[in-house]
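Chain naming follows the written order as A, B, C and D, and within any one chain the residues start at number 1.
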Amino acid sequence: MREILYRDAIIEALDEEMRRDESVFLLGEDIAEFGGSYKTTVGLFEKYGKERVRNTPISEQGIVGATLGAALMGMRPVAELMYIDFTGVAMDQIVNQVAKVRYMFGGKAKTALVLRTQGGAGRSSAAQHAQSLEAWFVHVPGLKVVMPSTAHDAKGLLKSAVRDDDPVMFIEHKLLYLEKGPVPEEDYTIPLGVAEVKREGRDITIVATSSMVGKSLAAADELEAEGISCEVVDPRTLFPLDRETILNSVKKTGRCLITHEAVQRCGWGAEIAATLAREAFDYLDAPIERVCGMETPVPFAPKLESHVIPDKDDVIAGVRAVISGL
Amino acid sequence: MREILYRDAIIEALDEEMRRDESVFLLGEDIAEFGGSYKTTVGLFEKYGKERVRNTPISEQGIVGATLGAALMGMRPVAELMYIDFTGVAMDQIVNQVAKVRYMFGGKAKTALVLRTQGGAGRSSAAQHAQSLEAWFVHVPGLKVVMPSTAHDAKGLLKSAVRDDDPVMFIEHKLLYLEKGPVPEEDYTIPLGVAEVKREGRDITIVATSSMVGKSLAAADELEAEGISCEVVDPRTLFPLDRETILNSVKKTGRCLITHEAVQRCGWGAEIAATLAREAFDYLDAPIERVCGMETPVPFAPKLESHVIPDKDDVIAGVRAVISGL
Amino acid sequence: MAALTKKTALRIYETMIRIRRFEVRAIELFQAGELPGFLHACIGQEAVAAGVCAHLGDADQITSTHRGHGHMVAKGLKYEGMFAELYARSTGYCKGKGGSMHIADQDLGVLGANGIVGGGIPIAAGAALGIQLQGRKDVVVSFFGDGASNEGAFHEGINIAALWRLPVVFVCENNGFAESTPRSNHQTVRDIADRAKAYGIPGVAVDGMDPAAVFEVAGEAITRARKGQGPSLIEARTMRFLGHYVGDPGTAYGHDREVVKWKKRDPIPAFGKFLEKRKWIGPKKEDELRDRIERELDKAIDFARKSPEPGPQDAMTDIYASI
Amino acid sequence: MAALTKKTALRIYETMIRIRRFEVRAIELFQAGELPGFLHACIGQEAVAAGVCAHLGDADQITSTHRGHGHMVAKGLKYEGMFAELYARSTGYCKGKGGSMHIADQDLGVLGANGIVGGGIPIAAGAALGIQLQGRKDVVVSFFGDGASNEGAFHEGINIAALWRLPVVFVCENNGFAESTPRSNHQTVRDIADRAKAYGIPGVAVDGMDPAAVFEVAGEAITRARKGQGPSLIEARTMRFLGHYVGDPGTAYGHDREVVKWKKRDPIPAFGKFLEKRKWIGPKKEDELRDRIERELDKAIDFARKSPEPGPQDAMTDIYASI
């Protein structure tokens, strides 16, 4: 199969959905001629014109409000919020408006919209450009939350997100944009709410999101040599969550490590650990471990940044700890 | 000991701190002559004048920014954000500015400030006026998060928060304002980061926050009659967290139920459950249960609202479930 | 601009009475303990909703505020669904899930009251964007208060609308107070219409107690919007006759004293006199009208009272379209 | 207003050169791969920082932006600490934790560059509030871009400052672009100074390529602020000569072509000529000045390179004052 960049998979998904459905359009800062600050909309302005690929002012409340209003009129807007850190200036619109209108209005509201954004550390961008804030959005009923870890998943999930009738926070990762992966030429979608076992194993389940999936697979490779067989499960959609797949894996392996870049405290991994500790109580041979971002703003210095963000070695250490009983 | 209202305990704390320290001042919407929409600043305008008790425009970004800026100049501002739901419009200032300046600036920043707000359901205020969003803030390194459950705690903790050199999110509960409790006449403070065992018990530990503390104590009373002895622990400060006290309790009882009003998914209880399931793995005789808000925006209809928000009976049912092995 | 015809004038008059009576009855019910939650009444401000919405059809859209009943009535929402919502019944516009602050009906172009001050403004811009993209001739009206004009959402929403020449009219109901707080405590500019200059769009102040004046000014702005000439900002100077919410005595900052003056300009009797003078209405027709409205109200309240309440099975529906 | 004295003129000239040379050297180091993260250079805009900050003492405060090096240099930050920060060293102003976008030093009145567009504006109002409450005579200057003037934070921050007559001056460096996006794509108003009308404060546009003009206009605004007469908005029309960030070719939307025109008005040679004409500087003094600055730069870069990097033990400090 051909291999393409994660960011190009995003472009393809947007391109195909825009071609398929006239009500799909894009808005965001610098997404038009410039093609987006992470180049995830390159070529679309030329193809679809300035009505459907709209540069916006630097006004994230305005962007999200415009997205919601257009959706209410029956459009299917896909907005880009340049960094997930900038959701801070748009939280009210995302959380109090977008997520809640359907419920508040008793079900009568069209809210087919996608808020694309990207998060994560690794580029020395410091505290305001490197956060992983997915837990905030999973905590908000009314939103769906997607975090693709490969080009293949990014394309298939984004196409589903665009077709979905609910608001979707679609969270990409800045370091994955330049990773290549196999992506079929033919049209496909990946349903929201379906996890994928990225690698089968017997001794421990690693639940990993976004950038941590690749690091976990690399860790699993190394651990294999030591005779530790890791199963790596990527939920792909944080909500709706495929509890079944994760639970089944943990019941099989009897051990679990959860890893994400976000700060550990009240991170998404806490929810998974709490759920598994309850649902798989009788299956667990060891406490569940979390390998997550350290509890600090993300530092600028590369050495500090790589220290506070978990890497392959942290996953390996975590697995060893679980296996040896912490 | 005299008994006073929770809201009057807030006023006393503010009053005493303003008297003690000239750098303390208040700002917020309708807090001056009107005394605050929940009457938590009544009388202070008259006493301290319009410089130190400032009505603001409806501009929460502006309020939080003004709070931070003044703190950077060495003042000790206490801002009121009328509903925690409205932090949505101020999230950037809270999360990207207030919480991070100290770290980003390498430690050289004065950020002694308090953001008072109130949350919770129970008054048919619907989806945008009844949320419990503490987990968002606990997830953000740089913030301290306090949730007092009694008049006594409210006063002692607020005084500590005002004296603290770090930014504190101080989250009151709209239903507690009119609850009375014993509060000493003499000056006292309660340190941040110290939990309180509100009731001792043998069979199960109930970790409860804010409005759920009272409901849990009532549940414990009822369960006592059935011969189930509940220990109720109130962390009071969600961060810094007194893990020790909670952990010791769970190690003693071997069972745990966590309860809060906030939506369960990615709520603060997940963090506690994940932590305890790991740290008390060998002590737990049953899975940890969570009794939390249902995963929906808060509905307007009183019957629906009381259905989705946990009450005493839900706590009782949860305890019974844990005791009987879920 | 089209002159105010008899037909339109009578419709506006009726709308104002419909709003006033809705509010009065709702307040009575609230004070009798029949309605949960809280209410923000717009009594005194009826001329704005009535004058503006007289220009709107079902396919036109509005966004509203915590003080939204008047806009809803003027936009054509039915008493039944509104009262049922205030009573938190399944037959309400939001099935009892929204309440006073979230009444909405997409079929009639009501994109919601809003509990977040200023929250509707960017959404209105977005709806106008949707309309523009769909090549429709409809317009959006966004109502909000003077207090809301200090929120960032006001700035961002209007800037985007101006930039893209969206078919939307921003109507600020300037009643001089934000909750208890008087204007002097929240902004320096006296004329909110002046804020239009920050976006290069027309800004007009109008007497919000005069429905004919509101009708005229709104007509110009709406026509501009329909023609693709972009948004406008209208500042309607008005006053709510009651406190911020039902139960608020409104005594802080002398609001109650100011109200005494404004009540002399109550838009309903004043406009009634104007209609009488032109012989467009007489005591008989007036009585008929008021009777009809009161009967409708009785019926609607009765309907609401008898309507089923939502049950636990309803709590977890309508969160997602599909899951 | 006080005329531009020789001493001040020379200081402004020196400041502009100091900024320019800092940026040039930083860019070289960045392109050589020595600096992590990314850089936003302000080359072309030096006259604004230099002209404004010439009025400020150490106790005065500024808030800045992602493009903040110029403001820092003009406010008196030392090359050593700045380069050390860009090199992510423990000796940097933020111990390597902040980087280019967060340089700050409370001792010298720098309340931080800011990675959030518009984020510094309400903070500036707050600092001014603190100063006002403390009865100090200091002022705050908030720098931000044209793009930032579309954020809600701009609106809320300035409104509060106007309302409370806070001692703060808002300086919009209008370079006509927000990232790659030209002004026509983000706002309708041509003159950002006009936005002052929304707050009832003075708004003045000034040629941001002319440090003397900036100095004069800023002087008036700062004097007003110090006298307790409240805030002003200054729009300085300027241009960055490079792309949005170092590495951005700046070719989208013809920014590069516009730059060609603006470069003819490069403030440094132009102001140099002005000084020469008055015989306030000659080739020898100019050479000396430039040599001195270059030696300082060499020293600072050397200092930074030799400085220790923070280690893992530093990652978890400075988050809280106490815990």
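Here is the rule we go by: contacts are C-beta pairs under 8 Å (C-beta built on N, C-alpha and C of every residue); 3 or more make two chains touch, one makes a residue touch a chain.
Keep in mind that this is a model prediction, so the values were computed, not measured.
**Student:** Return the chain whose centre of C-alpha atoms lies at maximal distance from the corresponding centre of chain C.
**Tutor:** Computed centres place D farthest from chain C.
**Student:** Decide which interface, A-D or B-D, involves more C-beta pairs in contact, and give its chain pair.
**Tutor:** B-D
**Student:** Roughly how many whole angstrom separate the Cα centroids of chain A and chain C?
**Tutor:** Spacing between the chain centres: roughly 40 Å.
**Student:** Based only on mean CA positions, could you tell me how far chain C sits from chain D in angstrom?
**Tutor:** It comes to 45 Å between the two C-alpha centres.
**Student:** Where the centres are mean C-alpha positions, what is the separation of chain A from chain D, in Å?
**Tutor:** Taking the average C-alpha coordinate of chain A and of chain D, the gap between them is 36 Å.
**Student:** Spell out, as numbers or ranges, the residues of chain C touching 2 or more other chains.
**Tutor:** Counting only residues that touch two or more other chains, chain C contributes 94, 96-98, 102, 114-116, 119, 150-153, 155-156, 159, 163, 185-187, 319.
**Student:** So which stretches of chain A touch two or more other chains?
**Tutor:** In chain A, residues 56-57, 59-62, 85-86, 88-89, 92-93, 96, 103-104, 126-128, 141-142, 295-297, 299 touch at least two other chains, as defined above.
**Student:** So in the complex, which bits of chain C are touching chain D?
**Tutor:** 150-156, 159, 162-163, 185-190, 194-195, 197-201
**Student:** For the complex, give me every residue of chain C touching chain B.
**Tutor:** 36-38, 85, 88-89, 94, 96-99, 101-102, 114-119, 147-148, 150-153, 178-181, 185-187, 252-253, 309-312, 314-316, 319
**Student:** Chain C touches which residues of chain A in the complex?
**Tutor:** It comes out as residues 25, 51-52, 54, 56-57, 59-75, 77, 89, 92-93, 96-97, 101-112, 141-142, 144, 164-166, 193, 240.
**Student:** Which chain D residues qualify as touching chain B in the complex?
**Tutor:** 61, 92-98, 102, 104-107, 111-112, 114-116, 119, 121-131, 133-134, 140, 152-153, 155-157, 159-160, 163-164, 317-323
**Student:** Where on chain B does chain A make contact in their complex?
**Tutor:** 61, 85-89, 91-96, 99-100, 103-104, 126-128, 133, 135-136, 138-142, 239, 262-263, 265-271, 273-275, 277-279, 281, 284, 286-290, 295-297, 299, 326
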